[in-house]
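Here subunit A shows up in two complexes: once beside subunit B, once beside subunit C.
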Partner chain A sequence: MKTPTYALIDLNTRASSRYEIPESLYRRYIGGKTLGARLLYDLTPAGVDPLGQDAVVIVNTSPATGTGAPCSSRFNMTFKNVLTGGIASSNCGGQFGVLMKRAGYDGIILKGQSETPCVISIVDGRIEITDADELWGKDTEETQHAFPKIYGKLVIGPAGEHLVRYAAAVSGERVAGRCGAGAVLGAKKIKAIVAYGTKRPEIHDREKFAKYVDKWVRFLRGHPMTGESLPTYGSAGLVSKANATNALPTHNFKYGHFKDAHAVSGETLADKYLLRNSSCISCPIRCERRVEVDGKDVKGPEYETCGFFGPNIDAVSMENMIRLNYLCDSYGMDTISLASTLAFAMELKENGVADFGVSFGNSDNLADIVGKIARREGVYSDLANGSKWMSERYGGKEYAMHSKGLEMASYEPRRSVGMGLGYATSNRGGCHLNGGYLALLESVGVLSMDALSTSAKPAFTAFFQNALEAISAAGFCLFSAQSFVPAVLFKIGPHHPVTRAIGKIATHLGFGVRALLWMMPVLRFNSVFLFPHAEALRLVTGLPFYTGSFVRLGERGYNMERFYNYREGLTKADDSLPDRLTQTPQDPNNPKTVVRLDKMLPVYYRIRGWDKDGTPEKRTLRKLGVQA
Partner chain B sequence: MKTIRYYAPIRGIVKKESEETELGSVKDVLDYIKQAYGKDAFAAAKSALIVVNDVSIGLYQGKKTPLADGDTIGFLPVSGGG
Partner chain C sequence: MPYFITEDCIGCTACAKTCPVLAITGAAKERHVVNIRRCVSCGVCGRVCPKNAVLDGHGNPCQSVPRPKWKKPVVDTARCSACGICVTWCRAEALRISFPTFRGDIHVFAELYQPNKCVGCSLCEENCPLGAIRMAEVIA
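Take a look at the complex of A and B:
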C-alpha cells in the first residue's frame, strides 16, 4: 500500500527530509485535518506558543486531492490556533495542494523559525529554502506574481507578517482564512511556499473511479442546489434566506433581521455586479463569482463577507463590501474575524467604552482602517488581536461574538439553536462548518426543522460534525455535500405540506439519529445521494470505506481534535457562547429565542461518549482507535 | 397598494421584476400568478421561498398570511450553502 509521503522542513537549519506516514496512522486518519490533528498532537508538546519556535504547522492534502473527483482541489492547514489556543484547521481551494502533490509530497510539516524572510519551493520532489527579503512587505497579489504562473502558491500578506491573529494564507484567490493560518506562517518568516510537479496522483482503481466521477458530476449538475442555486447566486444567495428567518446577524448579533438586506444580497450581487462564474480546479459547482468594482475584475464576496460587512455593521454599500473583500485578500486577513471584531469595536463606541473611529452604518472609512489593522498601526494593533482579546482588555464580553476565541460565522444562533450548539462545541471555535452547520436544516435551507427546539439538535449536531469532518479529511469541498437534501424538496419548495412535515418529523428524530450513530459500523453501503465521497475514497485508496466507516472516520477525527484541545487546557467552560445569545432573547416577546446550551450540552456530551465535563472517555477513544 | 417582487427562476417566466397589486393575502397572489402567467409560473411561485416584508411566510400564517397596504411580497430562490 502506498502511504502518504510528507516532507519535514526545519526552518532553523533550512534542511528538509522525507517523512513517511506509517500505514497504521494512514488507515486510521487518512489525510487532511484528521491526520493533521493526529500529527500535531504527536509532534508538539503541550502548551507551545502558536507563534513560537516550537510550534509546528502542517500543510497537507488528502487522498482525493487532485484526482479529478468533483470539488477535490482542497488542501488543509493544521496548527495550534492563534485565537483559541486549541486545534486549528483551515481549508483552502487554491491550486497549491494539487501542485504540491504533483511535486511528490502529500504534505509538509514545518518546524522551527527562520531568522529572515524565506520562500520554500517544492519542485519535482526537490525542496529549496531561499531568502525572500525583497518580497517581505508585499501584498498577496504582488507576492504571487513573483513566481511562475504554473506554480501553486501559498503566500501571506502584510497581516501575516505583522502577526495579526486572524491573518490568512492565500492561494490564488482562495483563502485559508480562519484561526490565524497567515500568522503562523508569518511567525516562521515564511512569505511563500510554492510547488510544481507533474506526478499523477495515486488512484487504486482508475477505471471504476473515472466512471464514478462521471456519475457524481451528472448528479451534482442535476441537483437544484449544486446545479442551479450555488452556481447562480454563490453562497451570497443566503443573505435573503437568513434574513427571512431572522437568522441574519445584524448590529453585532443584536438582531437577526436587517431591513436593507436586499442591498447586500446575492440577488443584488448577481443582478448588478456579476461578470461571470469561476471555480476551484475540477469543480462542477462553480460557486465563485467574478464581479466588477472600480473597473477591476475581482473575486465576489461570499455569504459571510456579505453578512459581516453589511447587516452586522448596519452597512448597505455593496461596492464597499466588494472593495473590503478584495483588500482583506490582498492583506491576507480573514473577513469573518476582522469584520466581527470591527462590529465589536462599533458596539464599544456605541456604549461609550472606546472609540476606534468606527461606527455602525458607516463602511466608507473601513478600507483605511483595515490597512491600519493589517499593519498593526497604533491603537489598531488592538483590533488585530480579535474580539476575545479586545473584550478582555476593554470589557463587553457579553457581546464579543466568538466561541473559544474564534469569531462566529454569519448565522444568528438564537434562530438556529442547533447551530448555537455547533458553534459552542466546534473544536476550532465559533465555526459553522466544524460546528456541523445545522443552520442549513434550521433556518437557511429548503427543509426547516423547528429552529427553536432543542430536542434533536445534539444528535444532529454530532452526526453532521462527524460527516463534515470526514468529507474534509477525504479532500472534498463541503459544498459538494449540499446535494444530500433530496432534489424533490426543492421542486415542491419550503412551504409545501410535505416539506414542512419532514421538517417537523426531523425535529423529533433525535433517537433515530442516535441509533444511526450507533449503527455506523454496519452501514456497509455507498450511495451517490448520501455521501458519494465515501465511494470515491474507497476507489482512490482501496480501503473499505462505506457510509458507516466514512462517518466513523469523521468521528475519530473529531475526537482527536477534542483530545488535542483537552491537552491544551480547553475545558467545558470553553464550550460556550456570549451571554447575548444565551441570556437575552432575540425577540423580547419570545423567551425561546435564546440558545439553551445548558439543556443541549449534557445530552450532546452523552451522545459523544464524553464525560459530564466534556472530556472524551477512555472507552470512547478506545472504540475509535485514538491513542493518547 | 402592495408590491410583488420576483426573483429567479420565476422572474424568467413572468418577465418582470415587480408589480403593484391590491390583493389581500399570499394565497390571492398565488392564484393571481396562476391566472395571469400560467402553470409554470404558478409552480415556480409555489416552490419559491415566499417572504412578506423580507420575512418567511413560514414564520407568519403560511399561505394565509394577509397583506396590508405598503407590504412587499417576494418570491425568492430556495438555496443554501455558506
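Take a look at the complex of A and C:
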C-alpha cells in the first residue's frame, strides 16, 4: 500500500527530509485535518507558543486531492490556534494543494523558525529554501506574481508579517483564512511556499473511479442547490434566506433582521456586479464570483463577508464591501474575524468605552483602517489581536462575539440554536463548518427544523460535525455535501406541506440519529445521494470506506482534535457563547429566542461519549482507536 | 518514460520554448537536457526538433511534424463541467473557461481560444476527469 509521503522541513537549519506516514496512522486518519491533528499531537509538546520556536505547522493534502473528483482541490493547514490556544485547521481550495501533490509530496511539516524571510520551493520533489528579503512587505497579489504562473503558491501578506492574529494564507484567489494561518507562517518568516511538478496522484481503481466521477458530476450538476443556486448566486445567496428567518446577525449580533439586506444580498451581487462565476480547480459547482468594482475584475464576497461587512455593521454599500473583501485578500486577513472585531469596536464606541474611529452604519473609512490593522499601526494594533483580547482589555465580554476566542460566522445562533451548540463545541472555536453547520437545516436551507427547539439538536450536531470532518479529511469541499437534501424538496419548495412535515419530524428524530451514530460500523452501503465522498475515497485508496466507516473517520478526527484541546487546557468552560446569545432573547417578546446551552451540552457530551466536564472518556478514545 | 536529447542537438531552443511542463533546459547553441523528473512524455519536443535529435521513451528517434498537422483539443461541451483541470495543465494558455453568453449564464465550458498557441501536448485530454476532451486534427 502506498502511504503518504510528507516533507519535514527544519527552518532553523534549512534542511529537509522525507517523512513517511506509517500505515497504521494512514489507515486510521487518512489525511487532511484528521491526520494533521494526530501529527500535531505527536510532534509538539503541550503548551507551546503558536507563534514561537517550537510550534509546528502542517500543510497537507488528502488522498482525493487532485484526482479529478468533484470539489477535490482542497488542502489543509493544521497548527496551534493563535486565537484560541487549541487546535486550528484551515481548509483552502487554492491550486497549491494540487500542485504540491504533483510535485511529489502529500504534505509538509514545518518546524523551527527562520531568522530571515524565506521562500520554500517544492519543485519536482526537490525542496529548496531561499531568502526572500525583496518580497517581504509586498501584498499577496504582488508576491504571487513574482513566481511563474504555472506554480502553485501559498503566500502571506503584510498582515501575516505583522503577526495579526487572524492573518490568512492565500493561494491563488482562495484563502486559508481562519485561526491565524498567515500569522503562524509569518512567525516562521515564511513569505511563500511554491510547488510545481508533473506527477499524477495514485488512484487504486482508475477505471471505476472515472465512471463514478462522471456519475457524481452529473448528479451535482442536476441538483437544484449545487447545479443552480450556488452557481447563480454563490454562497452570498444565503443572505436573503437568513434575513427571512431572522438569522442574519445585525448590529454586532444584537438583532437578526436587517431592513436593507437586499442591498447586500447575493441577488443584488448577481444583478449588478457579477461578471461571471469561477471555481477552484476540479469543481463543477463554480460558486466563486468574479465581480467588477472600480474598473477592476476582482473576487466577489462570500456569504460571511456579505453578512459581516453589511448587516453586522449596519452598512448597505455593496461597493465598499467588495473593496474591503479585495483589500483583506491582498493584505492576507480573515474577513470574518476582522469584521467581527470591527463590529465589536463599533459597539465599544456606541457604549462610550473606547473610540477607534469606527461606528455603525459607516463603511466608507474602513478601507483605511483595515490597512492600519494589517500593519499594526498605533492603536489599531489592539484590533489586530481579535475580539477576545479586546474584550479582556476594554471590557464588554457579553457582546464580544466569539467562542473560545475565534469569532463566530454569520449565522445568528438564537434563531438556529443547533448552530449555537455547534459554535460552542466546535474544536477550533466559533466556526460554522467545524461546528456542524446546522444552520442549513434550521434557517437558511429549504428544509427547516424547529429552529428554537433544543430537541434533537445535540444528536444532529454531533452527526454533522462528524460528517463534515470526514469530508474535509477526505479532501473534498463541504459544498459538495449540499446536495444531500433531496432535489424534489427544492422543486416543491420550502412551504409545501411535505417539506414542512419532514422538517417537523426531523425535530423529533434525535433518538433516530443517536441510533444511527451508534450503528455506524454496520452501515456498509454507499450512495451518490448521501455521502458520495465515501465511495470516491474507497476507489482512490482501496480501503473499505462505506457510509458508516466514513462518518466514523470523522468521529475519530473530531475526538482527536478534542483530545488535543484537552491537553492544551481547554475545558468545559470554553464550550461557551457570549452572554448576549445565552441570556438576552433576540425577540424580547419571545423568551425562547436564546441558546439554551445548559440544556443541550450535557446531552451532547453523553452522545459523544465524553464525561460531564467534556473530556473524552478513555473507552471512547479506545473505541475509536485514538488511544490504545 | 522520459525523452532524451542526443548529441545532434544544435541548441535552437525550439523544444525548450514549447515544452508544456518546462522540462527542457539549456543555453542557445548548446545541447539541451530533459529533466527526467518532470518529463511527461508528451512528445512535443520530438515534433518541433528540426534535427530529429530527440529520442522517445523507447529510444526511437522522433520525426518532426509541421505545426498545422498537430492535433488540437476538441471539447465535448455537453460533457464538460468547466472544472478547469485542463486549464491548469495548459502552460501555452491556449485553453480557458468560456465566458457566459448572457448575464447569469452558468453553463460554461473549456474552450480552445488561442489555437495557434496550442502545442498539442494532449495533457488536457489525459487529465480531464470526465473524458470531455479529445485530440483531433483541426482544419483551420
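The criterion applied here is as follows: the second predicted complex is superposed on the first by the 627 of 628 C-alpha atoms of A that agree within 3 Å, B and C clash if a C-alpha of one lies under 4 Å from a C-alpha of the other, contacts with A are read in each partner's own complex, and residues count from 1 in each chain.
Note that in this section a contact is a pair of C-beta atoms (placed from the backbone, for glycine too) under 8 Å apart; a residue touches a chain by one contact, two chains touch by 3 or more.
Computed from a predicted structure; not experimentally measured.
In the superposition on chain A, contact of A:232 is made with both subunit B and subunit C.
Using the contact criterion defined above for the overlaid structures, shared-chain residue A:592 touches neither subunit B nor subunit C, since it reaches no partner. Look at A:284: by the touch rule set out above, it reaches subunit C but stays clear of subunit B.
Touch counts on subunit A: comparing subunit C and subunit B, the chain ahead is B. Once chain A of one complex is fitted onto chain A of the other, the partner contacts of A:125 are limited to subunit C, with no touch recorded for subunit B. When both complexes are overlaid on chain A, the residue A:349 reaches neither subunit B nor subunit C. Residue contacts after overlaying the shared chain place A:410 against subunit B, while subunit C stays out of touching range. Once chain A of one complex is fitted onto chain A of the other, the partner contacts of A:204 are absent, as it touches neither subunit B nor subunit C.
Counting contacts by the rule stated earlier, residues 228, 232, 270 of subunit A appear in both its interface with subunit B and its interface with subunit C. Chain contact summary for the complex, subunit A toward subunit C: residues 67-70, 95, 98, 124-126, 148-150, 197-198, 200, 210, 213-214, 217, 221, 228, 231-232, 270, 274, 276-284, 286.
Of all residues in subunit B, those touching subunit A in their complex are 7-9, 46-51, 54-59, 62-63, 74, 76-82.
Within the complex, the subunit C residues that touch subunit A are 21-23, 35, 37-40, 81-85, 88, 91, 97, 99-100, 103-104, 106, 108, 127-131. Taken in their complex, subunit A has these residues touching subunit B: 224-225, 228-230, 232-233, 235, 237-238, 240-241, 243-246, 257, 259, 261-262, 266-267, 270, 287, 302-304, 409-411, 432, 439-440, 444-446, 448, 479, 482, 485, 490-496, 500.
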